[in-house]
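Next, two complexes with chain A in common: one pairs it with chain B, the other with chain C.
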Partner chain A sequence: MRGMRVSDQRIFADALLTGRPSCPPGLTAWNGSDPERRFAIYRSNVIVSLIDALADTFPVTQQLVGEEFFRAMARLFVQEHPPRSRILAFYGEGLANFIEAFAPAAAVPYLADVARLEMLRVSAYHAADAMPLTAEAISRLLADVAVLPEARIGLHPSLAVLRSGHAVVSLWAAHQAADAAQALAAVDPEAAETALVLRAGLDVEISRIPDGAAAFIEQMRQGAAFGDAAEQASAADPAFDLAATLGLLMRGGAITTMTIPRSATS
Partner chain B sequence: MNKTMTAASLALALGAALTVAAAPAAAADGKMSMEKEHCYGVALKGKNDCKAGAGTTCAGTSKTDYQSNAFVAVPKGTCEKTVSKTSPTGYGQLKEFKPKMAG
Partner chain C sequence: MNAPVFSVPDTIGAAARGLPARGGVGLKPEHFREILATAPDIGFFEIHAENYMVDGGPFHHYLGRIRERYPLSIHGVGLSIGGESPLDADHLDRLAMLLARYQPESFSEHLAWASHGDVFLNDLLPVPYHAGTLARVCDHIDQVQDRLRRRMLLENPATYVEFAASTMAETEFIAEVVRRTGCGLLLDVNNVHVACVNHHRDPYAYIDALPAEAVGQIHLAGFAQDVDAAGEPLLIDSHGAPVAQAVWDLYRHALARVGPVATLIERDNDIPALPVLLAEAHQAERLMGEALAPSIARGFPCGACA
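After this line comes the complex of A and B, so read on.
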């Protein structure tokens, strides 16, 4: 394969993923057997290993539709979206969007968001480490209350928010229960939920958060000042509870920096 | 613009949050029971735990039931009460072990 031309690579890749052509031209088998049959075995192994990789990353998505449906859907995804990176852990980032446009999955409208949540879990697992800010360091900021609204709050790299029109957290959590069928029966899939994904130590935790907390986090992620972020969150959700949201973030070790811009200090 | 969030109210919320966040440290016993331990010899074939995603070497790679060098995260304290057919003690262990001979 050394010195393979780009056009030849294209043909090889097409043959591998779609079976058209069924065998790249010029292929020979070391023992004189039919290269087309040998290549078909290779193709099958490649596709099945990628479907297995998706099944590893999306266990709840698979449970929601069953193994047969999931694998058939995953096969189409693999053919349309082969991996772009050699790191298989992140393979499947496009699966949620694929599911959304996949007509046979329309009967399970929450499937795409569950897949999004499962991908966020893997990303959170691999996100960089960051030390949470100590209570002492946060207390020090209370010494100059006047500049507090200008503070910029940095959040843990693993933290992510997912807003869903469906009960994405409850659906996911029900599948972690010992009796998933019983737990699922208690879930109303049509209830909108917002998920917070955050890694604590080596464990990725998923919890439900109110809309206001999600708005506050999104504001701070965009670099908004503490005061403005709190304003926006209150406007978005009249029930926004700033103290409870900060408490939740601190408990999870999610607040990693809190700085006052130089221009704000007197 | 009518600022509902004054500097004082931000400080108040931050102070309250510090108190809330400090609370679980006092209730450390409750927190401890939530910690996981790695339990060897109790995972069924292909069901050993790994949250690292596909393509990592650990996810679902155990080839036999009760494989003694494969672990699953279980609620702390429950490992050594979980039955393992390969374990000499008859239960899961907190370290890898040499499986006892079948039969």
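After this line comes the complex of A and C, so read on.
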């Protein structure tokens, strides 16, 4: 009976992704020609469309290794990690880890982090919308020194921080320049950098931030009180500049809420 | 059996009104700003549902503004109606949310499968046509129409292989799905041409065998050309080229049977400048006008009598 067999679509899917079998059984063509050639159209559609989806997400990663290398690597990724979601915008989420373990890419040690940055960029692009607090509202709270240390800051859903042992922001930025080769020549890829990814309005911006600012943002994200977060950031980075960090977040519209816990106001 | 369950009134009238009998184009992010800046004269836009299943950002920003100005068709590519696996309830919920947000005039999906288990294959894969698959496809469409509380349109597929297990012609299968579920048809004329060349069938007879009254929308697109293992032409539904003359000719035939109906120019690869797509949509409208002209002429004697 049909229902007792191994699923036909399971065999079809395996043949698409792995080539084993090279063609599922039970396919026909009007002229009796070998259906494998016809089946190959489906395999090509599946694999190529998924590689294309990755290429859309990772343009700089692709430029760093060249199209041929990138597509060969992406093909292996697609075969080992086919999408588990119908929403392909986020399909590349596993690619950076794959690159890290992909021996042929070892000659480009910063490749995985550049891929991480590009994925964060796409995630920020599609992240939920949130209205930034007005500068007046923020200033009012910052002036209320009695309760400020207990304040919790809510950050924009698009905001992300990436710490890298490589010059991930400079490498990425060099590829946005008109003359990428010249810009790239000026970058020391071994210089550690921390990236801030943030959508301001409709545009995702990528900037380099000091370690202290990153620590402050991470503390805030975890729900730490303003005072504690600033203290932790200073401990992590003696050069931490609270005013500059707040200015950076305010300019990018990254502060969406500021709340004072009830206990602090009583 | 399978009485239509979507007769529950829509919360607003968009779905009930349907798409206008005009040309439309696929909405592409590279055209967002130009559309808002130039307000082109076009009948409707169509989006792929899955591209807009994101929380926020520019896609929703622009779609919201464009939808305020134009009728909208939402076209799903990931529901896997022809799949052996059960429908993905979470995906259906996401679709319901998207439809609730944008209230499109039309929702359509494919007679195909795209996922197996939890793996999404991102292609429209072929289904054998027999009593078992018919029951499954109808069951899935019933679930979709129940959940979305509206009638959906089902698109005929472009296929490259056929199945030894098939016992019904594709047109017979589709007609029976329409009869049992009350769904409408999205007649993809390019798919008819592609499939009929690939399987050596008569595309005109194919269109004649479908229930014309169920057609709620037409798709037109371009194809790529290959050959099969015997050297016979094998056409690929690439959505990467202008509409071919053979497809325009077949479209004329479809219009003669169906009458003027919302017609989309589908282009997903090698996307040209917006005016190029608009020109193809306007060409579809000219052919709609020509198809209508004889019936208007036939109406004149009566008008003269009055």
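Going forward, the second predicted complex is superposed on the first by the 248 of 266 C-alpha atoms of A that agree within 3 Å, B and C clash if a C-alpha of one lies under 4 Å from a C-alpha of the other, contacts with A are read in each partner's own complex, and residues count from 1 in each chain.
The rule is short, and it goes like this: contacts are C-beta pairs under 8 Å (C-beta built on N, C-alpha and C of every residue); 3 or more make two chains touch, one makes a residue touch a chain.
Remember, it's a predicted structure, so these values are computed and weren't measured experimentally.
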Which superposed partner A:N45 touches (first chain B, second chain C, both, neither): second
Give one of first, second, both or neither to describe whether A:I87 is in contact with chain B, with chain C, with both, or with none. both
Quick check for you: in the superposed arrangement, does A:A72 touch first (chain B), second (chain C), both or neither? neither
Kindly classify A:A53 by the partners it touches after superposition: chain B alone (first), chain C alone (second), both, or neither? both
What is the contact status of A:Y125 with respect to chain B (first) and chain C (second): first, second, both, or neither? both
Identify the partner contact of A:A106: answer first if only chain B is touched, second if only chain C is, both if each is, neither if none is. neither
With the two structures laid over each other on chain A, which partner does A:L148 touch: chain B (first), chain C (second), both, or neither? first
Who does A:P35 touch here: chain B (first), chain C (second), both, or neither? second
Intersected contact list for chain A, partners chain B and chain C 53, 87-89, 125-126, 202
Quick check on the complex: what are the chain A residues that touch chain C? 2, 7-10, 12-13, 16-17, 26-39, 41-42, 45-46, 49-50, 53, 82-89, 124-130, 157-158, 199, 202
Help me check something: in the complex, which residues belonging to chain B touch chain A? 3-5, 7-18, 20-22, 24, 36, 51-56, 59-60
Along chain C, where are the residues that touch chain A in the complex? 50-51, 53-61, 78, 83-85, 88, 91, 113-123, 125-126, 128, 132, 160-165, 198-200, 226, 228-230, 232, 234, 236
Contact footprint of chain B on chain A as seen in their complex: 52-54, 56-57, 87-92, 121-122, 125-126, 135, 138-139, 141-142, 145-149, 202-204, 226-227, 230-231, 234, 242-247, 249-251
